[in-house]
Amino acid sequence: MHHHLILRVVAKLLLPFILLYALYVQWHGDYGPGGGFQAGVIFAVGFILYALVYGVDALVRVVPRGVLVGAMAVGLLLYAGTGVVSLFLGLDYLDYSRLAHDPVHGQEWGILLVELGVGIAVAAAMTAIFVAFATREPDIDDEDW
Amino acid sequence: MIPQAIISQLPILQVIVPLIAAPFCALLGGRNRAWALAFAVSLVTFAISAMLFASTLDGTVLSYQLGGWAPPIGIEYRVDALNAFVLLIVSGVGALTMLYARESVAYEIDERHHGLFYSAFVFCMTGLLGVTITGDAFNVFVFLEISSLSTYALVASGAKRDRRALTAAYNYLIMGTIGATFFVIGLGLLYMITGTLNMADLAHKLVEHGDSRTLRMGFAFIVVGFGLKLAMFPLHLWLPNAYTHAPSAVSAFVSATSTKVAVYLMLRFLFTVFGFSIPFEVDVLRTIVLPLALIGILAGSIVAVFQEDLKRLLAYSSISQIGYMLVGITLLTPGGLMASIIHLFNHAVAKAALFMVAGAYVMQAGTSTISDLRGVGRDMPFTTAAFVVGGLSLVGVPMTVGFISKWYLVQAALEQGWWPVAGLIVLSSLVAFAYVWRFVEAAYMYPTPDGVIRREAPLTMLIPMWIFAGSSIFFGLNASLTSAAASRAASGLIAASSLIWQ
Amino acid sequence: MPETLPEQVPNQLADLLIFIGGHYNYWMVIVLMMIGLYITISRGNLVKKIVGLNIFQTSVFMLYISMGKVAGGTAPIITGNPDEVYSNPLPHVLILTAIVVGISTTALALALVVRIREAFGTIEEDEILTIERDLEFPAQEASK
Amino acid sequence: MGIILVDLMLFGFLVLTALAIMRLTNLFAVTMLAGLFSLLAAGLFVTMDAVDVAFTEAAVGAGISTVLMLSALALTARNEKPFVIVSRRMAVPLICCLVTGAALIYGTLDMPAFGDPDAPVHTHVGGEYITRVIPDTGVPNIVTAVLASYRGYDTLGETTVIFVAAIAVLLLIGFPRSATRRRDEDGSE
Amino acid sequence: MTMMLLSTNSALFLALFLPLSAIVLLGALREFPRARDVAHVGTAVVTFSLVLLLLVRFLKADIPNVFLFEVMPGLPINFSIEPLGMVFALLASGLWIFISLYAVGYMRANGEEHQTRFAMFFTLAVAAALGIAFSANLFTLFIYYELLTLSTYPLVAHKGTPEARRGARIYLSILLSTSIGFFLVAIIWTWTVAGTLDFAAGGILQGHLDPGYAPLLLALFAFGIGKAALMPFHRWLPSAMVAPAPVSALLHAVAVVKGGVFTLLKVSVYIFGTGFLSATHAAVWLCWVAAISIIVAAVIAISKDDLKARLAYSTISQLAYVTLGVALANQMGMIGSTMQIVMHAMAKITLFMCAGAIYVAAHKTKVSEMSGLGRQMPITFIAFFVASLSIVGLPPMGGAWSKWFLLLSAADANQIAMIAVLGIGSLLSIAYLMPIPVKALFGAVPAGQAPSDAHEPPLSMLLPICATALGCVLLFFFANEIYGFLLHVPLLPPEGGLQ
């Protein structure tokens, strides 16, 4: 993988923009197309691009498997936990009305939080799935290819 | 004793407790930690469903609005006698198989996989509970997929023992996904003509809508979709391999719960959602589902007689037992429905016990092939005795819960004057006896092969299997609780539909 | 009313055209669905089956999205213009969920295929079946 | 009319792509065409105002799904075995599909027309979301609001599904193959 | 005397559950064969005395009622006593004493394995028979009926050889398939039609069942109660001949076939009602089926050389007498049938114990090999002779009376053909039974066969044989008491209709 110089440079240049775009999609989901899921996928694509260019091992060094599983769990629990917070606020599950001083703002906050949860979970899960495939050694003869 | 605030939140806690615990199982890893958490959570879940069951037994219907949005805008959880009963079955089987899983999984799964395995296990339970409790048709799909995806993974993790688990899981995945997609198509058609996804609202709107070709096809697709999930003959092809090659604890759990939940969904949609407002529904049930169910009953039993592998034998028997439930449904009488619901319980309890026994053999004798298990009754007396009890319940011998359900079923068929159906049910019981007895005879009446040493299963496996076997007997002797629950559920279903039944 | 009779034929034709115009896109979707389903159940290659399943599911998504469309509507993002007609957002939400479920299924299926390839050395259904049959009846294998 | 033409063209391409996928045996090409299929579908979604869905379909179908497919192909095989025409293998699936398709077309006959603003879909729950989303939540993207709030529980389920998928994939292929096997391979080299 | 303090209900409860709890005791005494055997016989004695106590109370019109619990709404597990059940219970528990004593001797003399398992299931089988006797409704009876089937399976398959397994498999499959396939359907049908399954005087079906369906329902019962061994569902009985002799005695005399015909009797008296049966002529066809069974089974018996097989077919033939009595559907028929159950039980248990004794002492199973054997073991063969006479129906043996009442019944019912059948049946029974003891006692040892050194069996086997042989004679003299007792069987509904 060391001979694709242009690829490496371009990738390095693109990577921040991809991640930035992912963040934009994440936070702008309230106003335009996009949201946690799309952002998560784009974020994962960023990682995958990194892995394709620099090798999976490099990616695993940056985000080890344990971290990925942890991040997945954090994302999911952020979502589920928001609901639990509503329970403790005396409301039904996932009712965001009391997350802020008035119900409408509470909804906005709630949506933001759960979208963030989705984003983290999806980005981590997609990356984890990709890593699982990519680190599996091919058990395939060259003639097959 | 328990604050009212918690009581009113029970429906959501039922699902959310295992859902939140499952990721922690994945993080904990290591054998005992993940197991301990999973077991603890399953006990809590069982306690919750017991409370739900107790509070709905008198006919109360609990409604819970997720996100505080009133249905049909938001998603609703709706618990009545029927699904509280199913919840109780799912969580009860879940808790006991979790106890059983400790030794069995330690034997059948690599230790480094345990965290993920138990996580998937708890997710599977979460999905089934979520499907059962929800009152929103699309939410059914989402949670169905949670349970299905985790089931595929669980089945595939039997590959350590036999690589055929992989292909079994793959085929299950393909058929299961097609089934789920059919359901989505059917639901789409319903949505198109009603504009709602809430089951109660759907029922209401469908009555307003009247008959149409779109509705008919929506019905057909949903039935086929659930038919795939519940392994209705001839859509059962995924089942035998999946149950045979899955790890034992998974076989026990999945066989006892997932097809039952699919049967529940079938009931829910047939009665609550469609409610027999169009004659097409009755026609389909009577002319297509009933014959298929009858063929399934007989074919499943007969094929089971010729199986060499105990787990595969049990799997084919499941296909046949599912047929009984379907027959009970197609009778469209309170008696028939009651028979179906009791049989659902009976089969869950008996099959869980039987698959647990098979798993104990796999662990202690290293095989589930019948001919290799000769004389096992003397080496593992308690395990094998549990098999005898579960097997007799499957046959429907008196003093087992299987007898109760067959009694109601035959009675319901006779009330309708369906003599041939009653005859077939009885006949297939006899075939069931043949396959059960084939193993019992091998276990007791043949000498142990030379050089085979088998020890009795450990206590953590014996206890759950005997709780199931014991409840097979207990509820066979005293059917008042199950009868009451089933009759309450059946009358609820009939009342919700526009079936006119004298 | 005999006067109206001659006009009925063009009326029927117009109705038919309107009907076709209002339904053709369901039919196209159905054609796509069936191609997907056919690939899934007829092909023996395990990867191809998954692709077929994807096509099948994607076509179902189109069915849902078709329902949500309102003639002359725009994307369901509030613009502030009170006269704006929006397409129905609910099918979009459902399909977003369904897409995620779809990719999850695909990922799992592919992982299974990878394992199957490692365990059986092939991803063709008929070859796997042969191997499994030999496992089931070892005697026949010996006699071969 | 113009929109119908675009629609028809997209559908035409979609059908062609699907048929090509059916015919081709090179799995690499199949994967690429599957990506193309998703892109076309995304285009179709845009014409039907489903921008969020289109975005997702493009990202997932053409992006992640293709990457995963390619990674899987790297571990399995590049070509499909040529399709052998066996009547048994042909007939049953074909009949199944024809029956299913016919049933669906039968079902469409009573459907509300495409784009009909008076269809029940628009008059019942769907329409209600549009009117109350701003007062309820203040979020202009109705899809986001429905997704994360009104039907937020479905989305929790969706997140769980993807979590389960990741868990499942890790369970299946997340760990290196057994050490013994690797040792065998090392020994043979 | 402490027993007198028991309330009647407790006595009934104990009679039902003492044997069941004794099973646990027997299992616990696995390592102590002597104590186990004592416990086995002891249980039999205690149970019999409990039943006797119940008889005494019953004669004082003290009728117990034990209600356990309700399995399904309207279907309780419920026990009571009525004259027929009393007779059967006395029979089963009384003969159990002899057979348990005999079994101990037989199992030891033969060095059989798994003696504890044997004793446990043996006790279970008798407990089930008592349950059948005391059931207060058809549902309870059915449960015990199935329990009896299942509990005797390990006994039949006791030897564990391939042929024992095969025989036991046939035994089990026929009994279960008839009971589930027909009997259960008949019960559910009855329940659906009548709304109750309680045994009631005069029957419960009258007025509920369309008389046109009565023959069909009766057929379901008659063939469903496979233990009654009505042709063509008799195959299980010869198949069960692989079992050890005490088990055969249990099957033929104490519990199984007797349980079958007793059930049939009870169904005809308390479910259909004798009046309903005779008025609708629903049972006429059954007379002919029974007649065919009597003749055909007897003819087959003549052709069998294996002693136990011959006895088995003899049982089929003799029990068809009971069915015939049921089918004649009058009071004499009922009385004759019940007596036939008692008389046949006493005689058949003797015959089987003799067969077992011959096997233990001389290892002979073929009739043709027994010529002259009577000189080595005279007591056994004299007992055999006495019992044979009773089966044939010659005075001064008990069997004479049952045949007599059945003849009266056939005459009552104007079934002249049946009188002929009864006569032919008896003649045939002379042909298949009498040659055995006669040749053994007076015949020559066949040429080419080494004179055997056989001698009488051990005392624990010989004593029961003598006792039951004596019983055959005694029954002749006490028949009047039984007759008087059986007149109490209520055939008509009580005044004021059904309760």
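Per-chain residue numbering starts at 1, and chain names A, B, C, D and E are given in the order in which the chains are listed.
The criterion applied here is as follows: contacts are C-beta pairs under 8 Å (C-beta built on N, C-alpha and C of every residue); 3 or more make two chains touch, one makes a residue touch a chain.
Computed from a predicted structure; not experimentally measured.
*Asks:* Which chains are in contact with both chain A and chain B?
*Replies:* C, D
*Asks:* From chain A, what is the lowest number of touch steps before chain C is reached?
*Replies:* Between chain A and chain C, the shortest chain-hopping route counts 1.
*Asks:* Taking each chain's centre as the mean of its C-alpha atoms, give the chain farthest from chain A.
*Replies:* Relative to chain A, the chain whose C-alpha centre sits farthest away is E.
*Asks:* Among all chains, which one's averaged Cα position is nearest the averaged Cα position of every protein chain shown?
*Replies:* Nearest to the common C-alpha centre lies chain B.
*Asks:* Of every pair of chains, which is linked by the largest number of C-beta contacts?
*Replies:* So the chains sharing the most C-beta contacts are C-D.
*Asks:* Specify the chain most distant from chain B by Cα centroid.
*Replies:* Most distant chain from chain B: E.
*Asks:* Just give me the whole-number Å value for how far the CA centre of chain C lies from that of chain E.
*Replies:* Whole-Å distance between the two chain centres: 69.
*Asks:* Between chain D and chain E, what is the gap in Å from one C-alpha centre to the other?
*Replies:* 71
*Asks:* In angstrom, rounded to a whole number, how far apart do the mean CA points of chain C and chain D lie?
*Replies:* Comparing mean C-alpha positions, chain D is 7 Å from chain C.
*Asks:* Taking the mean of the CA coordinates per chain, how far is chain B from chain D in Å?
*Replies:* That gives a centre separation of 29 Å.
*Asks:* Can you list the chain E residues in contact with two or more other chains?
*Replies:* Chain E, residues with two or more chain partners: not present.
*Asks:* Scan chain D for residues touching two or more other chains and write them down.
*Replies:* Where chain D meets two or more other chains at a single residue, that happens at 51-52, 56, 60, 64, 68, 71-72, 75-77, 104, 108-109, 111-112, 119, 121-122, 125-126, 129, 140-141, 143, 147, 149, 151-158, 160-166, 168-170, 172-174, 177.
*Asks:* On chain C, where are the residues touching two or more other chains?
*Replies:* Residues 33, 37, 41, 67, 75, 77, 90-91, 94, 96-97, 100-101, 104-105, 107-108, 110-115, 117-118.
*Asks:* Pull out all the chain pairs that touch, please.
*Replies:* Applying the touch criterion to every chain pair yields A-B, A-C, A-D, B-C, B-D, B-E, C-D.
*Asks:* What part of chain E is in contact with chain B in the complex they form?
*Replies:* On the chain E side, the touching residues are 69-73, 77, 142-143, 146-147, 150, 154, 157, 160, 164-165, 168-169, 172-173, 176-177, 180-181, 184-185, 188-189, 191-192.
*Asks:* Give every residue of chain C touching chain B within the complex, in rising order.
*Replies:* Listed in rising order, the residues of chain C that touch chain B are 33, 37, 40-41, 46, 49, 53, 56-57, 60, 63-64, 67, 90-91, 94, 97-98, 101, 104-105, 108-109, 112-113, 115-116, 119-120, 128, 132, 135.
*Asks:* Given the complex with chain A, which residues does chain D contribute to the contact?
*Replies:* Chain D reaches chain A through residues 51-52, 54-56, 59-60, 63-64, 67-68, 71-72, 74-78, 135-141, 143-145, 147-149, 152-153, 155-156, 158-160, 162-163, 165-166, 169-170, 172-174, 176-177.
*Asks:* Please name which positions on chain D make contact with chain C in the complex.
*Replies:* Touch residues, chain D against chain C: 4, 7-8, 11, 14-15, 18-19, 21-22, 27, 30-31, 34, 37-38, 41, 44-45, 48-53, 56-57, 60-61, 64-65, 68-69, 71-73, 75-77, 80-81, 83, 89-90, 92-94, 96-98, 100-101, 104-105, 108-109, 111-117, 119, 121-122, 125-127, 129-130, 133-134, 140-143, 146-147, 151, 154-155, 157-158, 161-162, 164-166, 168-169, 172-173, 177.
*Asks:* Per the contact definition, I'd like the list of chain D residues that touch chain B in the complex.
*Replies:* 103-104, 106-112, 119-126, 128-129, 132, 149-154, 156-158, 160-161, 163-165, 167-168, 170-172, 174-175
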